[in-house]
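In the two complexes below, chain A is the common chain; its partner is chain B in one and chain C in the other.
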Partner chain A sequence: MKKYILIIIVFGLVQIYSNKTFSQTLGGGEVHGSFQADAQYYNQDTTIGADKIPEAIAVNAFMEMRYTNKNFEAGMRYELFMPQMQGYDSRWKGNGFGYRYLRYKNERVDVTAGNFYEQFGSGMILRSYQEWNLGFDNSLDGVRVKYKMKALTITGLVAKQRYYWDVGPGLIRGVDGQLSFNDLFDKMADSKTRLFFGYSFVSRYQSDLDPIYKLPENVAAEAARMELFRGRFHYKLEVGWKINDPNASNNMIYKGGNAVITELGYSQKGFGFTLQAERVDNMDFRSNRASTGFDLPVGYIPAMTRQHAYSLAAMYPYASQANSQMGLQATLIYKIKKKSTLGGKYGTNININYSIANSIYKEKVNDTIAIDQPGTLGYESNFFKVGDDLYFTDFNIKIQRKLSRKWNVSLMYMNVFYNMFINEGHAEPNVHANIFIGDFWWKFKPYNSLHLELQALATKQDEGNWTSAMLEYNNRGFFAAVIMLFNQGEAGQSNSSVYPFITTGYTRKATRISVSYGKQREGIVCVGGVCRAVPASNGFALSINSSF
Partner chain B sequence: MNKKIIYLIFGVFVTVMLVTTACDKIEPPYMEDNGGGVIADTVRKVLFEDYTGHECVNCPSAHKTLEDLHNVYGDRLIVIAEHIGYFAEPRPAPFDYDFRTSEGTEMSTFFGASAAPLPKGMVNRKKINGSYLIDKGEYGSAISLAIDSMPVLPDIYIQLSATYNSTDSLIGVEVKLTALTNLLAGKYNLSVLATESKIIQPQKNNDPNIGNVPEIDDFEHNHVLRGAINTTWGEEITNGAITKGQTFTKSYSSYKIGNDWNPDNIHIVAFVYYADGSNNKVVIQAEQIDLR
Partner chain C sequence: MKNIQLLTMLFATVLLLSFTSGNKSTLPKVDVKSLDGKIVSTSTFQNDGNPIIISFWATWCKPCVHELNTIAEVYEDWQEETGVKLIAISVDNSRTSGGVMPMVNGKDWDYEVYLDENGDFKRAMGVNVVPHTFLVDGKGNIVWQHTSFTEGSELELIEMVKKLKNGEDISGE
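And now, the complex of A and B:
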């Protein structure tokens, strides 16, 4: 009964908000905002390992409002986890205004007091962001000043980091400068070459109360970056350093850290490629040296791998390893011309991607100190030597072709290697998997389409083979889908599972509502190499998004 | 051109200023010289609850941190290892030993540890930054805060004595409490628990500096909670104010040890805590003795 009451309440809320899907004016200023609510009813299901929760229903909801008036802006976000949905950290449980700020901005100066998100360069030494799909928010709470000149923008900030409903113990001070050479030198103003240079510096202060280790209270990290664009080519390079930062993630070693990320790209109509390389050595940087996992990261080291959208392709995602990682990624896109033998009437798009991630090479500092021994320099590393542990590889090719005005087909093949210990922390056999996907769109009437998605994952490890089929109907803003996911189970064991799932929803203007019922498998959700484990669930779910 | 020079000077100035002021380069030796631990019983002692499990790969390194802290604080640090939650569930051999206890499960559920990723610790059952549970990297600073920032003399002095009757495997414990200061009116409880060390059983591990990865076949499990001698949350000693010099004596005579426990490795842990009010559950003083 409770769940039906909840549904009625939430639908009522949607009615209220969806009636106001445009900006409001208030005292000469404007109000914008958004609302999101996700609710799930949990049934016990021992066949897939799904648990009930004492509250029966879990709800995550957010409402954000922003008021702007000329140069002034103020905003806040109300957040509710009552209780948090399964898979979200239990420390989220609660409700309140988790984010609020005041901001003044003109052409030169931009000042923010309160919570804010910021990123220096690629985020290597400072990135604060929010990603509710991961239950992640490390917004900064303090003061930020940006000063913009013609060629140079300087950002300075002093803040603590959000830590669930509190702030972390470390104090973050940071400065970033972004310089445009084309704006600096008159001769380069009209040049085909565009050149940017950036430098950032971040320091964390955290007091040392530790009775065992002599800990640095001020830990500094620096990064320098350049971006070059010429014609169809672009090149990016970012290099970072960090001084000694013994912390829980690096096993309390005193070695400095460093990281390099570089990218070369080319693009023209119908053809493009990107080559990326990354080496990261002891760069896990947080505003609390005792934190691990999701808690209080200051720096962000991206995973140099493709983020897949298909559920079985995303089954074994790579989790970025900020303390030891050497990675390469190459992507090629090519469009076979239309009205050609191979390309067909509308042309054919081919997208090939390969990525690999390895450990860095480590050797002993001397004969008496073991690698990664706490309270020592930990290890030495030859910059160009690749480590012994393979973390991840992914080769994937996707071919997409519009067959006619009504038919569109995508085929994808993927081969993945997944190091179980590195990515999930438990020692089970590493996974080698082949994944096949066929995706078919049939637009049988104007505004009416059917979408069939067939997926198969073949592996001898972990939970064995998986297959999935989804049929979706779309009619303007309305959609309905049926998904059947089947796990054959581990070889030699009769533990197969079926996960049926149905969902339907409607989008009107800026509001989207969807309801679903069924079983969802246990899995891992990753965004940008940051991953969260999601337990299996069985039950009814409701989701609402609205902006105004 | 002037502007460019200003940019340059500004940039160099900011860089030099920050790089030279906002970082602390530590030179070896990296470890503090702490001498040895303290051995006395009229000093303030800290109860540390180590939430662990035999399938928890990061737990051996947390135990190592506790050993290092024991070298610093000696007997002032009293550890109870509570095997709880998913990582403590018995699995196919060799991980079939069940370290769990009903009391440990009940207590860890109350403190939120049963569903938390392990290892986690808890110092004196006192919240730090709004949470009872702390991560491995915080053990040192949290224990230091509980010991070094407090007066050495405890508020209550605990004298413990124990007997063991090998014929019928019964433990007897006598606890004498003496208030060394005045304590405000409230409920005060005494908990008496049994722990055991030197239990050799396998343990998952991911730190090659501690032992074999991914499993240590003959891991020595120490301070493992075996059970509560006077129930999970102990026994009330008074509901009122405690005055300096006041004493309380409690005796327990018939606690039977388990079939596979070794009486030579059993410790008796006793602690007094606030049982109501804003400090509810916070430990005032702890003590530990060997059964024999």
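And now, the complex of A and C:
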């Protein structure tokens, strides 16, 4: 730790006393990076999963730097969890350089050694990414080579996956090709129809030390995709397979996996529509077959549902089920023209979204084997048959209108069904909830505004009704907000609770500092002009964020 | 483990040296995807020597959508006055990126929009939170940046564009 502080001080001093003439003799190059630190002092509170800790204060922080010079690039990220904030996995505890790489890149070749993030197609069989505020990072640590030709880009990689402060046991080998059909033929170059094909192959090696089962040590997964754009339409299709891969998430069954994701879209000025569908059957793919939860995913199966940014709308979010899910989502966006009777002076935006997720259909392989019985083929499935369990539905409509130069209003209604066992793993009544949101902006001076956000969630299940009110004041970079969240408690019980929260801060250029005090649920908070995922907390917090 | 330490020290040295290279900041060359699927290098971003605004956003980010909506109302005026162009970079991942094109068209935004699904451009620009807005001069240098959007942020942004257009140094503002 002392060493680290010393390095930062030296960095700072050098930057202050930097001498431009000296630098030019070194051949230039640039340094960029970013920094974030969150510190939280905890009050006594057993109700939200964020109680006092022995250290009193928890700190999560990182500093990332990249050096680029012509075709060369190098970067690293120092990370610190001393200790990790409540709500983050305890395996994060510690500090060190969790990410470092060297990279050479020219017009054709791109070589990376060290940590990197990569995604093949939609990420169905390979996606590594980072979400700092959610405590997620499955970066690959190895070598990646990309080779670009006119119509074809090929990516090859071999790596292990980051696992907190270690790497996972599985070895990942992958290759991907992306072909632009239009660039193959000169005649097609300016065509209004654009067609793309892609294919990827990923293999995981993990030795078999299992005392009971004989497990495949090399597990192969493949995916093929196409994208078509023509005028106002676009169509996407991605299909993937995986060989049998008995693992902790599928109850050690020997069935192979497959997945299909497809999307049809139409849009023109003032109107947009998308229809998406997916079917996923036994596709949980990780670099350790013993892992579950958020550990070591290689493939990424997206939840085909809207990602909400209002805290009560985001209270019951769908958790994507990589082993069994059939989903459908439709989104319609429409702008009623400005200066029309319905649209008003500035026009009115309407956004309607519906999504549904179900289990896939499963039947016994034969009379003697139960569904999902370990060491067997597990089950048989009919591709087009929908399973019995409803996992999630979400219907929401949002209307936003600028009333005048000073007033802006958004109204939203949402109806959600949430399968408790599937999404949270414990058998409580499934939740049916109605959510109402009113969002009002009053810009009373060019740089001064007040923002009032009112939310209500009505349900008879789980923790019962919720209401929330936020009042926010903004003046140039300065913001201050008060949030009052109220829970009425389960029906018939008198266990209501209040979550008062105040926050204030200042943003200048790409640096933002904020302090807050109060009680907060885990979720998403949009205040002071940014949205952030936040863990549950009760107490005093300080947050700094900067890019340079 | 020793290797990592060695690499780290080596790298720290390079960093120290490069810190002396002044405040130069050029737009990194990274591939992004256009809404009709084409791979486009950020090195091809240009606007006939006029300023470019690069705005990182996501479909689920309320302040981002608010920012792009607000600018959309005055965008024609901005273009006439300063010749500025706005390039919107969506950081939506494959879960939400399907909603980008319908939103851009549905809201009638007249911007150049690209997808950064794998986050390559986002990382190269040091973007941690969205919205994050950059101002690039006619020569491809990043001269100003700002995170968050609240009412009035757009006024500050166009002020900077105008100063840049007039040849003023805005790196200190």
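Everything that follows uses one rule, which is that the second predicted complex is superposed on the first by the 501 of 548 C-alpha atoms of A that agree within 3 Å, B and C clash if a C-alpha of one lies under 4 Å from a C-alpha of the other, contacts with A are read in each partner's own complex, and residues count from 1 in each chain.
Here is the rule we use: a contact is a pair of C-beta atoms (placed from the backbone, for glycine too) under 8 Å apart; a residue touches a chain by one contact, two chains touch by 3 or more.
The structure displayed is predicted, hence computed values, not measured ones.
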item	value
Clash or fit, chain B versus chain C on superposed chain A	fit
Touched partner set for A:165, first chain B, second chain C, both or neither	first
First, second, both or neither for A:317, with chain B first and chain C second	neither
Touching partner for A:427 - first (chain B), second (chain C), both, neither	first
Residue contacts on chain A - larger count, chain B or chain C	C
Which superposed partner A:309 touches (first chain B, second chain C, both, neither)	second
Touched partner set for A:523, first chain B, second chain C, both or neither	neither
Partner chain in contact with A:327 - chain B first, chain C second, else both or neither	neither
Touched partner set for A:142, first chain B, second chain C, both or neither	neither
Which of chain B and chain C A:254 touches, first, second, both or neither	first
Vertex chain A angle, Cα centres of chain C and chain B, expressed to the nearest 10 degrees	140
Which superposed partner A:30 touches (first chain B, second chain C, both, neither)	second
Superposition-derived minimum Cα distance between chain C and chain B (Å)	14
Intersection of chain A interface sets (partners chain B, chain C)	none
Chain C - residues contacting chain A, complex	4, 7-8, 11-12, 14-22, 24-26, 28-29, 36-39, 59-63, 69, 73, 93-96, 98-99, 101-108, 117-120, 123-132, 144-153, 155-156, 173
Chain B partner contacts - residues on chain A that touch it in the complex	90-91, 149, 151-152, 154, 163, 165-166, 169, 173, 175, 177, 179, 184, 199, 201, 203, 205, 208-220, 222, 243-244, 246-248, 251-252, 254, 288-293, 295, 370-376, 421, 425-427
Residues of chain B defined as touching chain A within the complex	3-4, 7, 10-11, 14-15, 18-19, 22-26, 28-32, 34, 57-58, 61, 64-65, 68-69, 72-73, 112, 115-117, 129-131, 134-138, 140-141, 143-145, 148, 204, 206-209, 213-215
Chain C-touching residues of chain A, taken from the complex the two chains share	7, 10-11, 14-15, 18-20, 22-24, 26, 28-34, 36, 64-69, 74, 76, 97, 100, 105, 117-119, 122-123, 127, 129-130, 132, 153, 178, 180, 194, 196, 227, 229, 234, 236, 263, 265-274, 276, 300, 302-304, 306-309, 331-335, 346-347, 349, 351, 400, 402, 441, 443, 446-449, 474, 476-477, 479, 507, 509-512, 526, 528-532, 545, 547-548
